[in-house]
């Protein structure tokens, strides 16, 4: 036996032994137990709960990993998977919407609803990807953004229906608990059928490894094969999500392991991925079942695989070839005065409306200054947070040369969320200052981790971005795990994540405004760097910009801006993404006017979102962050489509 | 505690304008013959609390964790009632009116029912309704005694208190909770003895119900029940074989507020007594 | 093999420069001199290390061994802007300039002079206009760079380098994207700048004949080592070309001019 074979077989043997051991631990005791006469709960649990659960783990793991391998094969993208492309999140959001609004019809149509959601997201991501030449990073970046957005929207929908939210979270966190063979049997034949559909695709997929041109000249119908393979992959992941909920990152991990073990060529790669995925989920779930015996609380499998799987994105980063992409393509229109005037006028107008116009207890519209003292702190908080996020967005987009960059995407917001979660679960009942302190510490920690993790790659912007979004996914998984346990503290976390200005007090609002000014000034002072850095690090460096130090400083500044803003308005606004683009649309292309314009626009957007949130469902209040996010997502999609066209 | 010294003239005059940010406290207010001027989540009252009915003209304040401050200031209340759950909001709320923080459903080392009784008395003293409180608590004691007598035949019978999230997951109420304390008072006991957190309930996969070994235990399934739950469960051999899930041992119950106070304890006692009593 | 041009002085001097990346030797013991007021070509086969050598001179890559001197000082001793005032570098593919206009791209060349906070003076403005005129792009100032043709774009980048007003230009295949007419135009412009203003110019080139036609000096690399160095007449000979490229070539002399022309035998 050669060394190479040993190296490949070694891990497989270890895995097999591990599975055997865990299964033995789980099954041996109930099997050897004395059969009780009549009803025997131990044997019933074994035959109708434990065993179907194990079967489901094997089937779901196989299906998700096969789907991931198909995605990776067709898209030539080592980061593609049902999770990273947002396919699972799409299915989950569709199921949540159906559960909340059409509960009576869900029974039969679960699969259809999940398929619809998955297919919508898949279609969207693929359409975007096609326009950008299926660039691995932009595909995964947009996939993860869509995924985070779907997850957030599902969470918020659940929050607005807080008393029935736990059931929604259980699906989001992917529980594998079973009481019959119904689910594994139903899932089993569907997955088997879809796996058979892969057979005729194997040879064409192998040929496509040669490159599109070569494959086409050999008679492969590229588009048809691609579409068929993607359809199978989407269907596989949708069916799993419909049956047991979102099982995060298995579909990414298994194909990566298959590659590391040296699986070459489509048939071997697909099969190995599927088998490894089945084994992995089986091991994970068995371990969870054994552990759950100790804690007796619900430990959702999907959230746990996501917690362990999402850091893998960070490990995979160095394997990706990334080159600096330069903003370009679409040409901004020349400066137009009317639009610029609009930018200047929007903010004061919005502030006046937000402070003076409201509704009374009966719901009638009232204009006046009576409530100004109550509204002003919220308006100021929204204003400062919006401006800071916008400036952070300008900085990040110029630093990374990537129009998708924003504080939300960088993961700073996610860090703040994690900090807040820690404060809620570590301390009995933390006051507001303590909560904010923890959130700030979390934001700073994420920033530090990102800077350290990407230090060796000299802060290559795309890596920073993906590192940030991987952390965001991790935080998402953790908070999903917390929420699914039904602990009421999860509610407080959700409330904060939805980005409300409710807690704004005059003092904190003033402080936030002061911070906005103090942090925006250095950004304005760095305008020349910001003009030159989009040319790329090489050129900017050749012109005498101290690229390393400038990037470090500006990243830190962007981090500080987003951390402070996140404390004010929560992690999910997308204003940091929208405002810089709107400023460019208004003809403000150079760093200085764009920064100022974006700050004004961001502030106006956030003030507007806060006002809408306060009056739309009066006296119920929709958090400003949610309103902004609901506007931000379609904008994001529009942006990706428009960018791709040129 | 020196409640009288804290009273504003309006409160003393007998027309207290009280806002409640908790269903249980709002229900207790009604029990003390005081109609709150505003409560949070008024729109869900009929689904989750059911009784006592909330009189009309009570203002809706929105979600309890973020009550609408504009309405709150327009209501100009004399007193705002909160639980420790809203601790983070208390400094804020104090700007609008004095805040009374009452420990009800959160485990602080004494039985939840005792905490609710104490909270009722504190509240009554604060708004000058001690007589009504005595009546309410006496009614409760009488009801418990009555229930206990009616259930004499079933004394010590075990019940499982279940809220289904979906066909695979269930929330079980156990110790420490208001429901658990009431069960003991009316002569029943909780079949679920595994420790839960400080909140008195835990979310579990349905097969965990097979860990209930008590041969006579009844399964009380509280509304709201997600559509199709029992249809799905009835196709599960595990569920069909589960002694606890046999038709004669399973009861569908109307909704009762899980984190309530005295009124909810009485509603719970009455409904559980009716359900168990009817059992042969 | 070092032949410093005594008359004009020496801009760059490389002493035993080597670079090894992941056990692969990219450059080994390169010792070369680059004179002022002269156009020096760096030629060699694909992967010979000529672009890497240029990037080492531009401080984009640090040399593994040896010394890189500019004006007799190690290049690492210069602070960023001071170096940019001395040495301008243009990568092979400078991109489409974010979404800047031609004038803004050219004006970027003034950064080493005004820095992050200094004022953009009338003198700076004049330099930008002069640079635009030098590359014949006066009418294109407000056009976004991305909308220009490849040749116009290349000229705009050269305009940036001219506006940068440095004493040395490092160019990585600046004519690769251009047709033959534009190649001649750009190389003539570069040669004029070098000879009239005393600039040291280093150009990485593929076309040995263009190098012979427009450059004063040719340094040839082979597999990371110096293969030949000298004026065109000494390099463009069948023996030396065989040493550099490893194939047999003939050399003709262009009728009416004293320029050698190489062609594959």
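Some notes on this structure:
Order as written gives the chain letters A, B and C; numbering starts at 1 within each chain.
Keep this in mind: a contact is a pair of C-beta atoms (placed from the backbone, for glycine too) under 8 Å apart; a residue touches a chain by one contact, two chains touch by 3 or more.
All of these numbers come straight from a predicted model, not from anything done at the bench.
The count of contacting C-beta pairs peaks for the chain pair A-B.
The chain with its Cα centroid farthest from the Cα centroid of chain B is C. Averaged Cα coordinates give chain A a centre that lies 46 Å from the centre of chain C.
Centre-to-centre spacing of chain A and chain B amounts to 37 Å, using the average Cα coordinate of each chain. One inter-chain figure worth recording: chain B and chain C are separated by 81 Å, centre to centre, where each centre is the mean of the chain's CA atoms. The set of chain A residues that touch two or more partner chains is empty.
Only residues 326-332, 334, 401, 525-526, 528-529, 531-532, 534-536, 538-539, 541-546, 584, 589-590 of chain A touch chain C when the two sit together in their complex.
By the touch criterion given at the top, residues 58-60, 79-85, 88-91, 94-100, 104, 108-109, 111-112, 114-117, 142, 144, 146-147, 164 of chain C touch chain A in their complex. The part of chain A that touches chain B in the complex is made up of residues 39, 41, 44-45, 47-49, 103-104, 106-107, 162-164, 166-167, 170-171, 175, 177-180, 182, 296-298, 358, 360-361, 371, 374-375, 429-432, 435, 484-488, 491-492, 495, 500, 502-503, 505, 618-621.
Within the complex formed with chain A, the residues of chain B that make contact are 44, 48, 59-63, 65-66, 68-71, 73-75, 84-85, 87-88, 91-92, 165-169, 171, 194-195, 197, 199, 201-208, 210-211, 213, 224, 226-228, 231-233, 235-239, 241-243.
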